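Reviewing the structure listed below.
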Amino acid sequence: MLSFECDYNTGAHPRILEALCRTNMEPCSGYGNDIFTANAREKIRAACGREDADVRFLTGGTQTNRIVIDSMLKNYEGVIAAATGHISVHEAGAVEASGHKVLTVPGYDGKLKASDVDALISVFYADGAHEHMVYPGMVYISHPTEYGTLYTLSELEEISALCRRYEIPLFIDGARLGYGLMSFESDVTLQDIANLCDVFYVGGTKVGALCGEAVVFTHNNAPKHFFTTVKQNGALLAKGRLLGIQFDTLFTDNLYFEISKNAIDRAEDLKRIFKQKGYRFFKNSPTNQQFIIMSDEKIAELAEEVRFEIWERIDEKNCAVRFCTSWATTKDDIEALAEII
Amino acid sequence: MLSFECDYNTGAHPRILEALCRTNMEPCSGYGNDIFTANAREKIRAACGREDADVRFLTGGTQTNRIVIDSMLKNYEGVIAAATGHISVHEAGAVEASGHKVLTVPGYDGKLKASDVDALISVFYADGAHEHMVYPGMVYISHPTEYGTLYTLSELEEISALCRRYEIPLFIDGARLGYGLMSFESDVTLQDIANLCDVFYVGGTKVGALCGEAVVFTHNNAPKHFFTTVKQNGALLAKGRLLGIQFDTLFTDNLYFEISKNAIDRAEDLKRIFKQKGYRFFKNSPTNQQFIIMSDEKIAELAEEVRFEIWERIDEKNCAVRFCTSWATTKDDIEALAEII
Amino acid sequence: MLSFECDYNTGAHPRILEALCRTNMEPCSGYGNDIFTANAREKIRAACGREDADVRFLTGGTQTNRIVIDSMLKNYEGVIAAATGHISVHEAGAVEASGHKVLTVPGYDGKLKASDVDALISVFYADGAHEHMVYPGMVYISHPTEYGTLYTLSELEEISALCRRYEIPLFIDGARLGYGLMSFESDVTLQDIANLCDVFYVGGTKVGALCGEAVVFTHNNAPKHFFTTVKQNGALLAKGRLLGIQFDTLFTDNLYFEISKNAIDRAEDLKRIFKQKGYRFFKNSPTNQQFIIMSDEKIAELAEEVRFEIWERIDEKNCAVRFCTSWATTKDDIEALAEII
Amino acid sequence: MLSFECDYNTGAHPRILEALCRTNMEPCSGYGNDIFTANAREKIRAACGREDADVRFLTGGTQTNRIVIDSMLKNYEGVIAAATGHISVHEAGAVEASGHKVLTVPGYDGKLKASDVDALISVFYADGAHEHMVYPGMVYISHPTEYGTLYTLSELEEISALCRRYEIPLFIDGARLGYGLMSFESDVTLQDIANLCDVFYVGGTKVGALCGEAVVFTHNNAPKHFFTTVKQNGALLAKGRLLGIQFDTLFTDNLYFEISKNAIDRAEDLKRIFKQKGYRFFKNSPTNQQFIIMSDEKIAELAEEVRFEIWERIDEKNCAVRFCTSWATTKDDIEALAEII
């Protein structure tokens, strides 16, 4: 069945499978001490344009968020996030389970505002009782956000400057980073990301890999003995090659960016056909997640021929639904969808 | 280079790669809600001979140990293990990081004795001060052990009976379970395992998969909301199919047992050639890990042509070294090794 | 200097000191296994009118909140509280440090509404993705609240009924419980509290004790091995008698209620004199904490003769300030204050 | 009934109660921001002879051990202790509950040996797999030990030098420190303790206080925002004066040392009378805990007239029992005991 349910419902990009098959019987050491991982690390560092970046590989987004946040915060610190941020809502309390509070500021279509973060920190230090409160120890943003929206370069610069002023790290959740970078509306490059934040990750799971996220500590600031922390959290793969080979492939011949671009192109096609049919949009998203308003009747009808996700109820008769494109979405898929809707 | 370094230094069994390629573009829901995972679950349940077993998939051994132990213990309970047990020594304190003490009893070539466990629990309850101590809440054993040794059926029965008497669960770490079951010396079947313990796992990472462990809660005793606990621990794969497809393949046409058998046959070959050359053995292992005593000189010489692991120093001139066979070891590999040693 | 800074800035009620002196050289077993603790337990149980209540003693409010919440929640559960709740803001992330998220609903002068709690839980279960979210596992309210306000009996009944419908416990933080029960506006008795919630505590620290909170599990529902959990959290006093003697005294001859009444009477006096002088009130509090609006100028002037707390800024020229009465406040204190303001 | 059960079965030294009564109605700020706490801090710093020492007050030993250890270790580090150490056995897993493994070395009458610690650390770093293991991050010793024994100055110097060589802190649990310092066999002063370790505590609970331990970070090395960490752990007393007044009193006119000396003198009396009656000793203790071997018959007989603790079974007919003296034990108590045995 035609599926726009999410950007992780097919396997891996064929070149990744090809690389896995080609290298399969080559013996190499475990735990990421292999040549593929070394190559992937080097290529990502080069793409970021930072010699002082340190790159590590983990398997999934929640795992990455939990480990990065916990390893960079002190016990008395929490992490600031938009109220709608993934760590705040949809990670089953992973950050809190590692001992840290998520301190929320308002979300505006998934984005937080530097001014709100500034206010939170200012009030914290102004308050005589702040020693009884959780210290703001990091700012977390997702780019693209959970609603497919993007920060502009100047917004990122403002947040970055704020974090540097307060001497707390800025962490960018890039689970869908490729789709953000390749958006027609984006004025942000991978190098900008690497220069503006202290740690971020290049999402693989949602951008063509079977699994995997590449964590980049941007300036020789990987937490001490991070390897052991990863092991302790049960996140160390014995066959680290699985992650190395995938990211080595994704960062060879621009593959990561090309397949991200495909998702964006198909999303633009998708927007066009929905607009042509007169649908209204719930959010104005410049990336691969598109949110459309649809009547319950129409949803029931469509659901028989295509998979998509019901996002939230708008009113008694309508819901917002989400259609995702991905590296794997084809023009044929879009045409088939156009006929159905 | 010829490698006997470990049983996870090549990729996956070709049939697994073939299945990954074949199913790659088939869209399916995430988080394990896919048909491959359902099939894998059903096949493993059938192989265990228990209708009431619940099967879940995780990515690696330490992750599995940490999550299973934490989700089955109360905050005031610890887990009993051999002093040499993997959770006690080589998991970077993962169990303690989740809040639980590992209560150690002596290890005998990696195995614990029911009588020692009995003594520990008896003394605990006899001690007037036991309310100030960690409650023994589970018994953990690895089978095969970290030294390649095996429990006999009657030993497992004794430990199982003890656990049932004290009403605490028995957990079997089966990271190398296949190699144990197919050993010439084993009198234990998968069904025995499933009947004697409360939870165990069928290791995939070390037995032909890219990654993955199949956790079996043997009698409708999966911890409530285990899915959410897995998510909270950052252990939930978005593309759960990666685990489902692999285990579906491993449990089709007896593949898991056949490839385990290959490792055992090659280990017997390996023992034979080392014996023929007059080497002494550090441990008497009936499984795929073989521990040989070797002079430092010989080690240096061999290391130029073959990879293996230095296990521990025996005396000033000799070390114990470990040679592992696996599903991927061929007769050619053994012959090549025979020529070298 | 005259002080209305807080309700814990003097020592203990003289009868408590007298009891500590009188019993001082009497040897008794440690850890709460003493006759004074047994007596205190029995008297509190009687005052609650519940034979099936279990009473335990801890030293402070944050400690009690952290231990009670952690011991009653599963790892995948969080606790619902008003956004202004003490556990949410002023306990330095103690609940999160024990692994649980605080799920917030709006606070109305410190109180939460049953309808908001109901909405939060309903949406949680309605959401298809709820397995990726923190389960609502308890409702926490403070009575009186952090703003001195009180729930009415019917409000408590509504919240209690809601919790029972969803089968999650209701926990009442009674750090200032006495001041709530003795308020002129209260229609709630200690027995009501005990009947409507699953666990609550009778605050001692702020109501005449040197330290100590009496936790009441209302219906044979103390978490298993709670003693060991308390020990593990570093909250077990070797000289448990210190808590036992204090609560034995407080619950002898109605002392707890009498001294609470004194605080309320003095608070009414205080309200009267502030009203007479034309001050406006920031909150309408029926208990011992009074919030008054004062100009910065006046604050500076008053601060030279009397201690009070600046609560929050109202506008450029005015702040809300807090004046607390307590068991120890005398009519003379009020008269002295009347002259100053 | 005559009691030698433990050193915390009476209340507080009369001078402490007198101070509590005298200062009772004096209002002062909470959370340790009071003049008594400031005085206590200054007096202890002076007694230690270190201007750069930072002194904090907590309520009990397990609480102190848990918080000090957790606040000084990184997440990947554990604490080295004797297998019989209090944190290893009798604190209900408090250290593990905060996420850290207790790494044990053999105990010799409660003491650890520098050479064993050196071996553990050396092997750790020699082992190629140490990144998969818990890093040794601190050494914990108790002085006196759980068996009443003492380290000599040269033993402490050796352990201290070892810790400094490996750059890990040395932590001394001084729950009974006074009894150690005043022992006839001690060649260690409070200044020695302060100079040789990085953090230690002066036990109050077992040496005349109602509760309380004074933690000394010896060289400007208190963990950042330790106040907030204490709050987060539920260990911050609102009426911090309770601890301040007690330690202010204990460190006025040498009281702490005098009352410790009394316990030692009475322990010597006790040893003498047991020796005269022909009893054998289980341990040779130079402090206030005395371990005597006694037949079951004798134990049953004595238990009717005096309280003491059964420590452990020696053989079928005999146990080791513990008799404790304290600051409160009188010559009359000893004489009464002499008549009974």
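As written, the chains take the letters A, B, C and D, and residue 1 is the first residue of each chain.
What we mean here is this: a contact is a pair of C-beta atoms (placed from the backbone, for glycine too) under 8 Å apart; a residue touches a chain by one contact, two chains touch by 3 or more.
For clarity, every value in this text was computed on a predicted model and none was experimentally measured.
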Query raised in the report: Which of the two pairs, B-C or A-B, is linked by more C-beta contacts?
Result: A-B
Report task. Tell me which chain's centre, taken as the mean of its C-alpha atoms, is farthest from chain A. Result -> D
**Report entry** Between chain B and chain D, centroid-to-centroid distance (C-alpha), Å
**Finding:** 42
**Report entry** Interchain centroid distance [CA atoms averaged], chain B/chain C, Å
**Finding:** 50
Query raised in the report: In whole angstrom, how far does the Cα centroid of chain A sit from the Cα centroid of chain B?
Result: 33
Report task. Among the residues of chain A, pick out those that touch two or more other chains and give their numbers. Result -> 75-76, 91-93, 97, 131-133, 228-229, 231-232
Query raised in the report: Given the complex with chain A, which residues does chain C contribute to the contact?
Result: 75-76, 78, 89-93, 96-102, 128-129, 131-134, 310
Report task. Write out the stretch or stretches of chain D touching chain A in their complex. Result -> 70-71, 74-76, 131-133, 135, 224-225, 227-229, 231-232
Query raised in the report: Once bound in the complex, which stretches of chain D touch chain C?
Result: 1, 3, 5-6, 8-12, 14, 17, 20-21, 23-30, 59-67, 91-94, 97, 205-206, 210-211, 228-229, 231-239, 241-242, 307, 328
